[in-house]
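Per-chain numbering from 1; labels A, B, C, D and E assigned in written order.
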Amino acid sequence: MDPYQLLNLLFQFLDSFAVIVLAAVGLAIIFGMMGIINLAHGEFILVGAYATVLSYHRIGLPLVVAMLVGVAITTVYGVVLERLIVRHLYDRLLDSMVATWGISLIMIQGVRILWGNSLDGVGTPFGSVSYGPYSYSTYRLVLAGIAVGVLIGLYVLFARTDFGMRARATIQDKETARSMGVDTDRMYLSTFAIGSALAGLTGALYAPTRSVGPEFGQEYVVEAFVTVVVGGASVIVGTSMAGGLLALVKSGATNQWGQFIGLAAMLVTAIVAIRLMPDGITGLLEDWRRARRESE
Amino acid sequence: MSADSALETITARVRSPFEGPNTTGNSNAFWTAFVLAVVGLFLVPAVSPGHVSDLTLFMSYAFLALSLCFIWGYCGILSFGQVAFFGVAGYTFGIVGINVGAETGALLGVVAALFVATLFAAALGYFMFYGGVRDVYVTIMTLVVALVLNTFMGQTAGSEWAIGDARLGGFNGMVGAPNRAIGTGSVAIDMTGDGLYYVVLALLIATYLGLRALVNSRFGYAMVATREDEDRTAMFGYNTKFIKLAVFTFGGTLAGLSGVLFMFWSPGGYINPDVFGITAAAMPVIWASIGGRTSLLGTTTAAVALQYLDQRLAASGSEYALVVIGALLLFVILVMPAGVAPYAERAVDWIRDGVSAKLRGDPESENENAPSNSEVTK
Amino acid sequence: MSVHDSTIKTTAAVDETGAGTNRILQTRGLVKRFGGLTAIDDVDFAVEEGEMRCLIGPNGAGKSTFLKLITGRHAPSDGSVYYDGADITDLDSYERVDQGISIKFQVPSIYPELTVRQNLRVPLQRVASRSEYDERTEATLEQFDLLEEIDTVAANLSHGQQQRLEIGMAMTLEPDLMLLDEPVAGLSIEETEEIAELLVELNDEGVAFVVIEHDIDFVASIADRVTVLHQGEIFTEGSIEDVRADPEVKRIYLGESGEADAEERAGPEADH
Amino acid sequence: MSMLAVDGLAVSYGNTPVLRGIDVAVEEGEIVGIVGKNGVGKTTLIKAVMGLLEADAGTVRFRGETVTNPDRYRFEGTPIGPLAASVRQSGLAETSAGGVVDKLVGPAPDVPANGRATRGIGYIPQGRDVFPDLSVEENLRMGETINAADDDPLYDVVYDYFPILEERATQDAGTLSGGQQQMLAIGRALVGNPDLLLLDEPSEGIQPSIVQQITADLTRINDELGITILFVEQNLQVIQNLATRCYAIDKGTIVDELGPVDLSSRETLAEYLAV
Amino acid sequence: MSDRRLSRRRALATGLSGVGLALAGCLAEEGDGNGGNGDGGNGETTGTTGGDDAPKIAVLEDRSGNFALNGTAKWQASLLAVEEINADGGVLGEEIEVYDPDPQSDNQRYVELTQEAIVDEEVDALWAGYSSATREAIRPTVNQHDQLYFYTTQYEGGVCDETTFAVGATARQQLGAVVPYLIEEYGPRIYTVAADYNFGQLSGDWVRILAEEHDAEVVDEEYIPLDVSDFGSTINNIQGEDPDFIMSMLVGESHTAFYEQRANTGLDIPIGSSTTMAQGYEHRRLDPPALTDMYVGVNYMEEITGERNEDFVDRFYEEWPDAEYLNQEAQNNYFSVYMWKEAVERAGTFDQEAVIEELEAGIEVEAPEGDIELDPATHHMTHHMRVGHADENHEVTFSEEQYIEPSFLHEVGCDLTEESEQTQYEPGEYYDEA
């Protein structure tokens, strides 16, 4: 394999990694921290994309600003939905799946009724990097950088700030957290808002790379769920490790044997991973950590 | 008087295997209503021939609903991929049927389809339960299995994807399974129109009663105990992994039966990979959630009712059809968390209490309608 | 391991008990590690048929883990478990139950959404035929003073009732060896006495017991012998009087002197 | 003014009443015990005081401020007709044109558990309930908010009482032994310098030697820091060693109040613990 | 089928006739209001003429779900045709009713609704479905009831079925227009990218056959699952091969991303296609220059010139002011409704067997794309094929028209006037190259 092709492989890996991580991270936060399986996660992404495209085309905002608007609107949307519906579903994991499925149906068709079957496209910015006979979209490499940035940002947020500490305490023991002065109700709301904002970010970032229509969000759902489950309980470590593993399998297999094998390999890897690591990659890491502690 | 009580003893004896605290509807009133409903359903082809085809289809789906109710409601295993067994059975039926042909093909197809669906469920169940996969991970894993099948079957378009005479057909689907009649040699049962309707209805009633008997049996208690607390149940000497495997496997058989019956309904013996898709996969979960997952009858009714409603809304052509369905799901989950069945039961109790209050002075009838928990377990 | 641990070893009397003929349960070299933590460290332990044995020791001594190794809930990292002379180390939990081992968990572990009757039905149907259910259910509930609650949903029972129900369920299987993890935790003095009487009665009928309990008065009222577990090892074994009199035991566990437990404050591990 | 005053508190689970009108008063600097056998409502009382359970009736006042007031629910939608104007004038409620109470303006609504914590109530739950996946230090930091006066957190004091917590600061709390977790739970509630500590069965599941130690620590905390303590307990020794005064509770009501003399009598106490 | 109809339409459209204007307004209103229940309002008016026997057609087109983007215009154009016909006195003097539920892009729903249309509604003709999977899902039902069925999507070709009329252009017609053109323009090295299912794979076969016929070569081909929307590796592979042009038979919303990504990566190799622009109007939806140098073989696009088409486009948007695009399939729906009317009138009855006989007798239509002809033997149309080209501003221009017959089915010997069949032929069985 010549160096250019290695670079191809690397770029394809980064590309897959970005998609998987950005698709999954919002879902992971909501699932990992609140025990809600949000089957409407794709439609949160949809809101981000629509808000971005509409404010870009109809209001004429610059793309970056439009993206920020997309994130903001998705956040607000998430907050409203949390207040109205989702908070009745805490500790009802399976019910949350059915209810959010309902939300998803309503949203897809609602968006179609309001804005039709498709929105005008937004061109992808930045152009491409060329190397030998090949080139790769600069924007998509930037997305990989953003994905890593998001993971680092979340790590800092949850591991290094008081907010993060309170959030983790709330997950572990809601009642005790409340008796320690944490407004858990608001904590859940904030967590849901962060998850929504990240979904909105994903929608905003990918709106310029894909055609935006009511089914836009559906494209992310499978990858998001698989990643969350393979990742396990810890949001940041789990998502990044699972994202890395699945992106490696997907991009490697796609590069070698084409898109179908790539897709199938990723799904099969997920099945095998769940079987071998019933608690996800995080569970496995936990065991390693204990083992290391022992040897010290 | 004595003749009456003799009759009562007989009905009680007939009813007893189907009753117990694991099922709702353990009263004379329930069984009377049940018999009336069954009679009503048997009369549909005569009274309303226009509904036969749709009802046949929806009742075929009801087996899928029952399979999920059985494994989820009674054993706590939420499979989001019951359609995998439905679809595998459907495809197997088609492949065997097309290669063998005619009534014999259909017969062998049914046998093979149920066998393959059962085997597939057993293999997947063994893989999961003996590998320590639990709870929501079972849910996602089963969903991913369905999606893998969806992806895989979708690309089997080329002529190289043929098993004998049966072209898998990729995304466009496989056509031509012999589904007009089933039998062998000179004996064949017509499996079209009213004939199919009666076959499906009879099977559905038999399956429903069979499951009622099963969940109230020793094994049923073991299932429920496993659902409630797996560790505890193992400590009573139950092999809970095996119980889950057995339940999941039988659930696969039932889902497979659903797929086979669907193939008999399906015009031209047609099936395509949509049966493995995420929308199809969600439907059984929705039926069970709405109907009440611990109620066999509730889930069955929800399957038929929701499919009917869904179809009518689509037929209306309204752009709000999917919005209405989504809103309905939300409403039920938020307002009736355990599904409609427990509320329906409570409503019936309430009405009955009202009636028996009016009939007060007639202790016989009151007695008869009393909650029958104790009577049942005797 | 610190210096005084070696003195503990010398005071431990694992296999010098003289008993050896009718062991219903025996463990040899049992070890359980969780990652870096060695919860059970090379334990040789034996219970005679019909014996009433209590297991005491500080929190984190490995008592519950030890029970779980016997029931098969955990697989040991090393060593073997023998029941009635046969090696059962590789048997699954449910298979051990079939051999005659029954357990009551630490946290009352009943089926909260089922009624008392249904709860009992689960173990009952393994040992009785359908026609016997009612009779035996009532007999058990009578014995455990729960007859009035027969159709109560178990979640609505009081804590003490739940404890009794769980013991009743475990006893339904007519085990030869019964493992109880803190059977009187959270019970009133009166209830505790009732349970003690009940256990002694069952023990008289020939059921062997291994009971984990903190309540030393309760232990004194029932135990034939007492085993003290400390840091995953058997610290000492003997009659309740001997154990109570042992100054080392006092120091690490009973603490009747009222002095601070310096070690617990500094942490039990020797790595500090 | 009592530190804590509970008047006529009633709490139920669903339709089952658990507390049926409890009156308890705790003065500043006291250590008051609540005794009673299992299932009489001791834990329910502590949780209702903390705000983790909603009261059906009665009030809880903390340092004079009413933190729970179920009465407010009763008036909404009540037609008061001609009185509407005067009610409105009183500022207690808003009324609609038809003379129906729309919204109660005062007295203050329920203060949720987190609000009570920030007002200065520290809570040590039954079974410790440390945050197992947070480090020891993070667990302590969680307690900083239990702080009415915005004092500096009392890490020095906590580490002085429980040096082990400083040694294990970076370790996950879940890896501590039961006794250490109890120390952490107390330290966590203590770090924000609360005015009142609520303890729910501090001795449960702890080996006897540590129980004695913790009893001594609590006495010291009360003595040295002047923190008022209300605890629920079944362990006779702990009650005798710790409490200055006790309420005996049975079937959801206070059946007796025990002074020092009663407390010294093992028999009197045992009676309430095993009614 | 006459100038009379068209001139009347023009009068309505331009509002020259006061009566006509009023009528048109009324119809438009009814059309809008009746979106949900096409038979509701009309039932009463036709009650006087035909009672229960009122002629009824079924239009099953997706207005929600995956294919709504394509299906909505098909439904709109069908209703437009029906309204025009009804306004013009109906068929055989009777107004046509429309049964038009929304199958929601769900093939299972299609099967149920097709049954309902045939059995309960007893429709006289059926228009249904966008994807070939949908067509295959309902064809058994159609066959079972010998239902007259119009399938209007451009497709892979090969359906030879006695009651089915596949009136869209076939792969051979579309690719036969665009592939030779591109070989001529750019050179002989072709890279095929196609959707990984029947349509894509058969179209890929056709590209190879046509390449062979024109001394060109397919250097590599890639089949993409329908839900893939990241094309980094595909673009790298293309760059590695550096073909003269790409043939793309990508399908659906996910695949649309390919064009964005191609432009963004600076891959400026021209693309030929049978699937873009004419159906999903990507040239309108995507931000230029995503479709620069995109060549597509089409029988119709909204943009084709000529008074007849401009007129049609005006009428369409007057009826459906919110419509997003008038695509190729919508035109096919439109003309085929008129074609059916013509056949019914020639037969003098709505009886389907008689109507099919008339259709098989040969029929010519003045469609917006031009005058075209039904091929009796194969039930396909001879279409005016054009190569549409999008420039960097997505302006579409068309090369010279070719009149291409559906030749493949002739080659395989499909003659429905002679022999009843219900099959789909595949090129692989007849060409070595495939």
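FYI, contacts are C-beta pairs under 8 Å (C-beta built on N, C-alpha and C of every residue); 3 or more make two chains touch, one makes a residue touch a chain.
All figures in this text were calculated on a predicted structure; none of them were measured in a lab.
Undergrad: Quick one: how many steps at least from chain C to chain E, stepping chain to touching chain?
TA: Minimum number of steps from chain C to chain E: 2.
Undergrad: Which chain's C-alpha centroid is most distant from that of chain A?
TA: Taking each chain's C-alpha mean as its centre, the farthest from chain A is C.
Undergrad: Could you give the separation in Å between the centres of chain B and chain E, each centre being the mean of its C-alpha atoms?
TA: 40
Undergrad: How many Å are there between the centre of chain C and the centre of chain D, using C-alpha atoms for each centre?
TA: Measuring from centre to centre gives 34 Å for this pair.
Undergrad: Where the CA atoms of chain B average out and where those of chain D average out, how many Å apart are those spots?
TA: Spacing between the chain centres: roughly 51 Å.
Undergrad: For chain A and chain E, let me know how many angstrom lie between their CA-based centres, rounded off.
TA: Taking the mean C-alpha position of each chain, the two centres sit 38 Å apart.
Undergrad: Which chain E residues reach two or more other chains?
TA: Those would be 64, 196, 223, 225, 227.
Undergrad: When you check chain C against every other chain, which residues touch at least two of them?
TA: 37
Undergrad: Could you say which residues in chain B touch two or more other chains, in rising order?
TA: 151, 155, 319, 321-322, in rising order.
Undergrad: Across the complex, what residues on chain B touch chain C?
TA: Touching chain C: residues 21, 218, 221-222, 224-225, 228-229, 231-240, 373-374, 377-378 of chain B.
Undergrad: Which residues of chain D touch chain C in the complex?
TA: 16, 37-39, 162-164, 167-168, 175, 177-180, 204-213, 216, 234, 270, 273-275
Undergrad: Given the complex with chain A, which residues does chain B contribute to the contact?
TA: Residues 78, 80, 127-128, 131-134, 136-137, 139-141, 143-145, 147-148, 151-152, 155, 278, 282, 285-286, 289-290, 319-323, 325-330, 333-334, 337 of chain B touch chain A in their complex.
Undergrad: Taking the complex as given, what residues does chain E use to touch chain B?
TA: Going through chain E, the ones touching chain B are 35-38, 63-64, 100-104, 106-109, 111-113, 115-116, 119-120, 132-133, 136-141, 143-144, 196-202, 223, 225-227, 426, 428-429.
Undergrad: Inside the complex, what are the residues of chain C that reach chain D?
TA: 37, 57-60, 156, 158-160, 182, 185-191, 214, 216, 251-256, 258, 260-261, 264-268, 272
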